[in-house]
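First subunit A sits with subunit B, and in the next complex the same chain sits with subunit C.
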Partner chain A sequence: MPTMTKPGADRQPETDGRDRFGRLVRAEWTKLRTVPRWLMALAAVIGLALLVVLIESDQAGNEVEEGEPLEEPEFRDELHFVHQPLSGDGSITARVVSQEDSHEWAKAGVIVKERLEVGAPYAALLVTPDHGVRMQWGFEHDVAGSGGGAAPWWLRLTRSGDVVTGYESADATNWQQVGEVDLDGLPSTVEVGLFVASPDVVTIARQYGSNSVNEAATRGEAVFDNVSVEADGGSPSPGNGEWNDYDTSVEPDLGGSTESDGVFTLMGAGDIARNVRPFGDDLVELSLSGARVGMLAVAALGALFITAEFRRGMIRTTFAASPRRGRVLAAKAIVLGGATFSVGLIASVVSFLGWQANLRRTSRTPGLPELSLANPTVLRAVVGTAVLVALVAVLSLAIATIVRHTAVAIPLVILPLLVPSILSGGLPLPVANWLTRLTPAAGFAVQQTVTRYDTAIAPLVGLGVLAAYAAVALGVATMLLRRRDA
Partner chain B sequence: MVAAMDATIEVQGVRKRYGPTVAVDDLSFTVRGGQVTGFVGPNGAGKSTTLRVILGLDAPDEGTALVGGRPYRSLRTPLLHVGALLDATAVHPGRRARDHLLWMAQSNGLPGGRVEEVLELVGLASAARRRAGGLSLGMLQRLGIAGAVLGDAPMLLFDEPVNGLDPDGIRWIRGFLRTLADEGRAVLVSSHLMSELEDTADHLVVIGRGRLIADTSVRDLLAAASKDQIQVRTPGRSEAMTLLANAGATVTAGDRETLTISGLPAERVVALLGEHGLPVMEVTQHRASLEEAYMELTRDALDYEAVALEEA
Partner chain C sequence: MTAQRARCLRRAVRAEWTKLRTVPSTPWLLAAAVGLTVVGSVGALASVDTSQCPTPTECFEDTTKLSLTGIWLGQAAVVVLGVQAMSSEYGTGTIGSTLAANPSRRLVLLAKVTAVATAALVAGVLGVLGSLAAGRAILAGNGFTSANGYEPLSLADGPTLRAAAGTVLYLGLVALLSLGVATAVRDTAGAITGVLTLLYGFPIVAELVSDPRWQHRLERYGPMEAGLSVQNTMRLDELPIAPWPGLGVLATYAGAALLSGLTLFQLRDA
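Showing the complex of A and B:
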């Protein structure tokens, strides 16, 4: 029999705490990688994601409408604009005589626009049927006027350098400032004039599993008089005071204008605002839907990573080797989180690329714009999906540490993740949204790349909700692990 | 540094309750270096609980357990101080024998080469790459023992290490435990069968129902159990039995011509037999087996329990 060294002889010096934590992480990684079934569970995350891509993208390819762009601009810039150029400082004044109540947010007013191009910077002063006078710019800024303002009403925008200021008046005598905006880099010649827009009316029918959405354009119409454009210092108008039409209405035949004796009637359809794209499919989110299936494998792995030790009493060997239990759980969470993040990232990148490729192959639509991983929004969804997968694994580890039984832990993790998305189709939208916000299912929000009418929570906030659940569960698990006998 | 660490395990006034059941009740004993200490008691006596308390796995309700003068939970690389085999089957069946030892080694900063050394040491080198689920109980015991000696610790705990070993394995583990003790280590071996510790243990801690029954060296225990018993060989066995019994001795017949006598001193026995013309061919001091000594001890303990119950 080979003998051993004398006890106490030749021992390694003790090293500092950080180093010792590194040892724990190494030990837990060895545990994870040396059980073949666990490696298969990790591989399954990638396999299941691919399977979902193959099945789903075939169907999606047929659903994408011809010519529907995959990537839409962040704003809508739809209006009918009767304009003329203005050089240097000056102002435009007009009275809105009347406005059709085509939509509560229908817009009729005066506007200064940098140039005649969709998306060009602007400042607009307008009246609405239900929301009074507003000054708006940059597609998302909105300042309310004095209240009670409705046609007939006087509106004026003055331009001085880069600064555009809006004034309103009921009688053209007493003017009141509504707002002021610095449009950085405004060129010396801008387009000024009258405009009309009117947003779409949307009706939604919600049923389990499907939502039918009906979007209908509305036609805004307003009458203006007392229209005047004045350049400071009397410099001549480059357009000789001639009015021109510019139309980007959502349906072109809804836009138009007539003029007679200085009375203008404008018609337009659409909106000038941030594009909420409320009803389109989120193609990036769809391409990452395999995560919902892969998540099952990850939740099982997360639970087994600790329950396998509880079941066989191996947890005693673990705690005899490393009595600091909180650190053991932390090392487990890091190893599990790192491994599941890695496979999750491979799965989501491959899913996204595979989906794109398959869509291109199966869709008969020519010229689908390429969605790239380099697009920050896409990247957020793809990387976020990997984080989502890792958080589900860690949540499952923590829950399993608390309840100590695989069969109890897995449903406790999976049901809150899946039930909200199953139920929400049948619940009123506000209830469904709160259900999504308050449960770990909020984490799926990170896969969103467009804001839809039924968007419950912002992507990173949703991921934060899931992370908070995981963190709280880990905290409780650590406390119990320290307190309980092994 | 651990070099000067003393290899002593001290259990002091430990009491542990699980719900209404008292598993260990005011238990105190010391395990010293250079000895194999047998930790004996029937199943359910509280042996495993005591070992878990020593290893900081279960928190005692009262009392303390110290290893080398420190609580186990304060050790930062415990495998270098205390090695333990609690349950040989507590291994993930999908993991290779070598990998099971590898994570243990890594957790305490031991080099991976140490794993191969201990596998060699316990005779498992050829099974290093086999998965634990495919190992026999005997091989799992060897794997568990390899885990216990991984850190070359001066204090070692083995819970029922003989379970599942074949006769060769039993002989091997006895020699192995002796070697470990001879190297100066404190070795605590629990067993529910006293016979397993015959010729191995130097010292015994006997417990029943969570309480200490005896804390004694094996030599003293055997001497006490053998005291005032003599063996006599005589051809006139039946006459001798009657004679000695009438004289107040307790007599049991052994094989053929031997009698085991207690209750009378040897000189008196020889004189009595001589007076009645019965030839005495051999008189020897009876040597009790460890099993007998243990039975005697536990009988007393059980009697005590019975009395206590009646009085209650």
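Showing the complex of A and C:
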């Protein structure tokens, strides 16, 4: 039985479809690689990326003051701690009577700390003004307690072997477990006590036509009573029950404590958490920033890949050879996407490595972060940049198919892609962030490796926004290509 | 002799003007230039409010410059206009007829300069007036009132007039830069990409560079940032480059592009 073919389609049976598509892809690849100007555009992507990297890494080392480490610690361990040693198993109980609302995440509570040293392992049970009771450990683990609401709260931490368990209570009779953590290798004598911390506040205000950012310490203050430390089996306390002060507040004069008749008042500033570095440079993103300029060449190539055929009437030959227009566009998108992905990958790997090497050579600062391609976050940014380049090329191809004019297609791709980041400095931060989230410019988020105060969108979500633009444009382009005369 | 030359030029200009205004894309591009400029300005104006400042009197906002933000978008349409005035002749082969009718290439380019600049300046005047009108309408509602130290925008105010006139001239120069680059490279895609890279490339790199020396250089000698320096009405002594010299930087780029375009135009076969 002869299979049905669409009018105008060639006579080969449909079962050959895959093979014919393979040939179509080969044909488009031949077109791409035999036009010298297009190869120049591909080379320009790498060239522009490297040029930007050269300019930037020329100075990247100089900006660092001598002796100032470029790498900040992974965590912040700032608190005022009123402590005493505890030998063996036991518990500490206290009531947080009141807490100043110095910050929504201000912390006041009880803590078990391995030793008096910044970064030492700990488990803390604490009250916050706006987020209720929490149990936290390891600078990034956070478990919410049952009840909402601020102080007063009764808090208790018990230590049994390596396991620390936190309990909360509203009335000192009904206790509820909040969380349990295994602090591996906890020594037999640990420091237990009361602590207060209060994170910095970041305020952004508009002045002189741009955003001025201010980070200021806040002073947390809380009152505790009914404080008791009990050792299991009644072993005597090594410190004879005497309380001592330990302060690592972000500004030393903000920390302190007073005690009278068993009522403790503690003041402290800072945070015990992962360091979010809201103002730090993203060294990986900087090293890949040449892609922004390279995008101009990518957009031009993507548009020309189809408009050149429209202009020369070549498209009629192409459609005569393979009448299924959707497949032609798909083949073009695959070839263009593949070629630009490869070139983008070369450009991003070379600029990342070149930037790193140059930074290391020009900077006299010890303690530069060791960033390698094996780091998954770095790898995401570097490979993501190649995907970004390919998506922009496909978006440009689709838009050019829709508007059929190179001169219109290129600005239509370039303006929404590049202008948001140029304008964002002069717009209020929330507006600038929304502009980034809603335009194809969101795709550049994939180059981020740290979260800053002005981060608009998560890396992969941003790439998804760009991919959605490309997919919708490709869909519309396919529809129009089928419907319109060539 | 000079009278004859003037007549030739007049005829050439009229020919170019006829070509430009009868191409269907021209009214669209001019409308896009005006529309994008006004829409961009309205967007920027609507997003800024004195409540975002520490106090309403401490904004130190350059309201004139803010009202003219849309030029960042509108100029792209002018780039397309300037490039296509030349490159479409090469794309379609009309350049042969043009040169047959008027063999003096210098005259052809001069006529194109006149026609393109006129169109861009008209679009510029409309876009700038529209943006300033939007500024007058929106600013007071967002707290930029006389009580907070902001007088309504007025062209009677010297710095505002300079910003407005300078922005119109800026668009004219961008059109000439585009025409010059298009004459040199003859190809639409190449010319548009080249001009957009010249315009947007500098601020992108300047934003990412953290070395103040390089930042200063890029802001001082980039055609867009230097040219738009003319929009400032406040704190002129803190600018990387003063208003008129900044526009001069753009004019230098445009002049260099036209000159190299003319040289290649005269040396090459059409």
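To be clear about the criterion, the second predicted complex is superposed on the first by the 292 of 486 C-alpha atoms of A that agree within 3 Å, B and C clash if a C-alpha of one lies under 4 Å from a C-alpha of the other, contacts with A are read in each partner's own complex, and residues count from 1 in each chain.
Operating definition for what follows: a residue touches a chain if its C-beta (ideal position, glycine included) is under 8 Å from a C-beta of that chain, and two chains touch if they have at least 3 such contacts.
Because the structure is predicted, anything quoted here is derived from the model rather than measured.
Student: Applying the document's definition of touch, where does A:421 land relative to subunit B and subunit C: first, second, both, or neither?
Tutor: A:421 sits against subunit C, while subunit B stays out of touch.
Student: Pick one for A:35: touches subunit B only (first), subunit C only (second), both, or neither.
Tutor: first
Student: Report for A:83: first if it touches subunit B alone, second if subunit C alone, otherwise both or neither.
Tutor: Neither partner.
Student: Give one of first, second, both or neither to describe whether A:380 is in contact with subunit B, with subunit C, with both, or with none.
Tutor: In the superposed model, A:380 contacts neither subunit B nor subunit C.
Student: Applying the touch criterion given at the start, work out whether A:485 contacts subunit B, subunit C, both or neither, answering first, second, both or neither.
Tutor: First partner only.
Student: Return first, second, both or neither, reflecting whether A:134 touches subunit B, subunit C, both chains, or no partner chain.
Tutor: A:134 sits against neither subunit B nor subunit C.
Student: Using the superposition on chain A as set up above, list the residues of subunit A that contact both subunit B and subunit C.
Tutor: 37
Student: With touch defined as at the start, can you tell me which subunit A residues reach subunit C in the complex?
Tutor: Residues of subunit A touching subunit C: 37, 52, 55-56, 58-60, 62-63, 205-209, 281, 286, 289, 292-293, 296-297, 299-300, 303-304, 307, 311, 405-408, 410-411, 414-415, 418-419, 421-423, 425-428, 431.
Student: Which residues of subunit B touch subunit A in their complex?
Tutor: Result: residues 1-5, 7, 33, 52, 55-59, 72-80, 82, 84, 86-87, 89-92, 94-96, 99-100, 102-104, 106-110, 120-121, 147, 149, 152-154, 172, 175-176, 179-180, 183-185 of subunit B touch subunit A.
Student: Which of the residues in subunit A end up touching subunit B in this complex?
Tutor: 1-9, 11-15, 19-20, 23-24, 26-28, 30-31, 34-38, 308-309, 312-314, 316-324, 485-486
Student: Applying the document's contact rule, which stretches of subunit C touch subunit A when the two form their complex?
Tutor: 25, 44, 47-49, 52-54, 58-62, 65-66, 69, 72-73, 76-77, 79-80, 83-84, 87, 91, 187-190, 192-193, 196-197, 200-201, 203-205, 207-211, 213-214, 235
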